[in-house]
Amino acid sequence: MAAVEQIFRATEAAGFGSLIRRSEAVAVPVLALIVGAAVFGLFLLTQGKSPVDFIAYVWQGGFGSAFSWQNTLSRAAPLLMAAMCVALPARLGLVVIGGEGAIVLGGVATGALGAHLAWAPAPLGITLMVIAAMAVGGIWIGMAGALRHYRGVNETISSLLLSYTAIALMNHLVEGPLRDPASLNKPSTAPLAETMRVGPLPGMDVHWGLALGVLACILCWILIERTAWGFAARIAGGNVRAAQVQGLAVGKLVIGFTALGGAIAGLAGFFEVSTVHGSANASLAAGYGYTGILIAFLARQNTLAIIPVAILLAGIEASSGLVQRRMGLPDATMQVLQGIVFISILMSDAAYGRLAIFKPKGN
Amino acid sequence: MESDLGLWAIPLAVIGGAIRVSTPILFVSLGETLTERSGRINLGLEGTLVFGAMAAYATAVLSGSPWLGVLVGALCGAVFGLIHGVICSIPKVNDIAIGIAMMLLGTGLAFYFGKPFIQPVAPDLPAIPLGWWSDLPQVQAALNVNVLFVIGLIAALALAWALRATRPGLILRVVGDSTDAARAMGLRPAMIRTMATAIGGAFAGIGGSYLSLYYPGSWNEGISSGQGLMAVALVIFARWSPINCFWAALLFGGAGALGPALQSVGVTQGYYLFYAAPYILTLGVLIATSSTSRALTGAPGELSITK
Amino acid sequence: MTDFLSKSPRSTLSRRDLLRGSAALGGVAALSGFPGVARAQSALTVGFIYVGPRDDFGYNQSHAIGAAAVKAMEGVTVVEEENVPETIDVQKSMESMINFDGATLIFPTSFGYFDPHILTLAPKYPDVRFEHCGGLWSADKHPTNVGSYFGYIGMGQYLNGIAAGHATKTKKIGFVAAKPIPQVLLNINSFLLGARAVDPSITCQVIFTGEWSLAVKEAEATNALVDAGADVITCHVDGPKVVVETAAGRGAFVCGYHADQSALSPDKYLTGAEWNWAKVYTDMVSATMKGEAIPNFVRGGLADGFIKMSPLGPAVPEAGRAQFEAVKAEIEKGGFSVIKGPLKDNAGNVVATDGQAFLETDPALEGMAYLVEGVIGSTS
């Protein structure tokens, strides 16, 4: 610690004080991650399992090889977009928990449209599917925003209800009107034309959803931090009345941000269908929307922070199989780990600004 | 043996379903009402519900007593609530986020420790045959009311009265409406909120024990399927009133019985849409009864989700 | 079943010791930069993937029992994963088994794993054999390192129906079904046709829950069936435990599915159609170890030991026992058809003309899209 202290003071003396304060935003959660892992280690010891082995397997399964990274990043892709559906409305003080519905319906829109696009050149067809998926997702979550603004309906409950309704609608469509008779025991929409399938990123076994997800995180960060719209949203999120006094169009902000969040979640549905499944079916309701809530809150609704958090979570999930197989632990072990680690990270919010080491001594 | 009821089967199924399915939702929403009235939100009751279900079932299997199971379910729920309450008493810690993490922890621990209890059969909680007056087996079955349902109803009434007319109720409301006012009165808001969250957790644990020890009456990993999360959301729908929680739970349970009942009388198409009835109905009622001018009627002033 | 429950302590212990040894090795290796797989050497590593918990009293458990039988074989290492969804997750689980454990024979046991997941992965790993449960492998469409196997469990539901036909007083039987897919529709139709072989006036009410595993809805569906007058209930959901307990609690008889559920209600349990994957899996694994090829398309029924029936319960009357055993013997002889003309579906369309009969081996049955006359329910 003393060595770190010395380095910090030297950095500060060199005129890079802000670097230290920034490093706090990284150091605190990382420290909390270690503390959480240690608590989980104690849990493992009570179960007669080795925490050292466990950490080794999580590393190996999630991050230890090229395959592990591809496994992790493939899982992270939909989570990035799902988290955005929570983080964007959150800037306005809204708690939206129904992103799953937007993902599912985005996927259905992609499947329904994609099956009829064999005539279209790939760029056009894919653009059309993206627009459809984003529009459907945007409308679905935008509805929660509109209900909030025009009717005063709480968006938390309405988005959850809309999400369950969306899943029912998806099941109805893929087993009824949109069902491909050839899909037999896994009712699905007709398969996408081969040209409408989106391939992997160059040189990797990870689909394009990852790149688009990261891009969306960056663009949304710019939107919120660097544009007038984002500035207005932050004011409205802090105090609606003040925003109205300032003449800000709160209604447009509420509907716009919820719709944008929903549209990005809808994009996740597009990628699930166009890269993984090739058609829309019940596997679209895989729970990404709910995981996204957790990621957004862990990232403190900061869309850039969503990227590392989503990768961490995906890595833990990617290593789950190896842990099950090597240590004879049930799959629920990973949930216990996530619960403990995330509680620890969330508690560390209290530590910001309290650790003396990060406080500039010079002034 | 059974006689054909024709279309009367539908209202009967809705009543029966309301009584059978509503109890866990009622307990979770009552617990959450108590917690939210104190100014905190515990989104993690889904995890508490599932852990309560597992703990109650395991206890009943090992001890042979379902009532001991309910007690252990309640105690485990209280512990989860206490953890949530204590953690959220730390300044700057977000109660919604902790709730989500607790949900993961609760379901994770329940599945982890619940593996050996999927196979054994536990004794069920007893039911009161309120349908004795009827010759129809369907009516008798529908009115086979579990004791916990009755306890839930009494708890709703008692909670409503206590919040309105007792000193602890007043204290809870003051703490929920304004931390500053509560401090000025010499109260300790963090402590009171923690207690309210612990008691709320105990309620959810009892709800879980109903799931595993009465209806559907077995322990497996799909036992709850999101009922706990839904029940937390229903508290907003019920506008933080225990009596409304009772009606909301009945509405939700009854609407859930529509899907199977309609199929049983021959309305066989579009069942997914009928299964969505509880969600669509709740949303419909919510839209009809909300308005921008009284959006926050009944909402505790310190509640993060409605601030 | 009970063996499975207790997870036979002796073998678990030795396996655990083994694991601990290899884990410690792996751990050391891990900290020094992972030189790769540090696992106990054996002739063959076999992977099993389940879509739900492996002790669900039903579908996944039936496969896990099969995996346990493979585990007991000499020279075989078994690796398992449960609760793997039919998404990119299952692709990565399979790859992880191949890359980290050196698995060369994988049994992904859920139907939804086939297309696109197995079909995506198989060309990438030509040396790995993917054996899928329920898929319809076809030589002109699918890779040669993929195989599909299934059992004629509809015959089991037909025998369930015969037991039900003798037990029912109301002449109405009930079926709790997950989704209207061919495998489920064939089971519903077979159940009713079995009962109608006893009494042609019997009808069968079906309720779809829409999900493979949803306890509350399964219980509600069972209650609705009993309320509608059904007094024998069976089901096709992943874990029949809730249906069996709820039906028996309402005083109805039950026929089991996937695994033996008689322990849940010995008095009310008539019989059950069970998978016998232990035989299928040990056969396939020993063939692989001998270097023999497994056919790409494998099917089998009662006679082949792919499926079996739970012992008849005390509630089946003597006449029922006789007919049950007679029909069972006839099925085992081969040439028996459940779906045979003249037969209409419940919308009035002819599905088999007079004299037309579909053998259990007929692939047409694996694309079934109708419910026969006498079934109250709809396919969409």
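Each chain carries a letter (A, B and C) given by its place in the written order, and its residues are counted from 1.
Heads up, the rule we're going with is that a contact is a pair of C-beta atoms (placed from the backbone, for glycine too) under 8 Å apart; a residue touches a chain by one contact, two chains touch by 3 or more.
All of these numbers come straight from a predicted model, not from anything done at the bench.
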TODO: Work out which chains are contact partners of both subunit A and subunit C.
DONE: B
- [ ] Would you kindly say which chain has the C-alpha centre located farthest from the C-alpha centre of subunit B?
- [x] C
Task: For subunit B paired with subunit C, centre-to-centre distance based on mean C-alpha positions, whole Å - done: 35
Open item on the list: Distance between subunit A and subunit B based on Cα centroids, please, to the nearest Å.
Closed with: 28
- [ ] Two or more other chains in contact with one residue: find those residues in subunit B.
- [x] 111, 115, 272, 275
Task: Sites on subunit C at which at least two other chains make contact - done: 83, 210, 380
Open item on the list: Can you list every residue of subunit A that touches 2 or more other chains, as numbers and ranges?
Closed with: 171, 175-176, 330-331
TODO: Would you pull the subunit A residues touching subunit C in the complex into a rising list?
DONE: 50, 52-53, 56-57, 59-61, 64-65, 67, 71, 74-75, 171, 175-176, 179, 181, 184-187, 272, 276-278, 281, 283, 286-287, 317-318, 321-322, 324-328, 330-331
Task: Contact set on subunit C toward subunit B in their complex - done: 1, 5, 52-53, 55-57, 83, 169-170, 205-210, 213-221, 223-229, 231, 239, 241-242, 245-246, 249-251, 263-264, 376-378, 380
Open item on the list: Which residues of subunit B touch subunit A once you look at their complex with the stated criterion?
Closed with: 47, 87, 90-94, 96-98, 100-112, 115, 226, 229-230, 233-234, 236-237, 270, 272-273, 275-276, 279-280, 282-283, 286-287, 290-296, 305-307
Task: List of subunit A residues in touch with subunit B within their complex - done: 93, 95, 147, 149-154, 156-158, 160-162, 164-165, 168-169, 171-172, 175-176, 293-294, 297-298, 330-340, 342-343, 346-347, 349-350, 352
Open item on the list: Which stretch or stretches of subunit B touch subunit C in the complex?
Closed with: 1-5, 9, 12-13, 16-17, 20-21, 111, 115, 118-119, 121, 124, 137-138, 141-142, 211, 215-218, 220-223, 225, 227, 256-257, 259-261, 263-266, 268-269, 271-272, 275
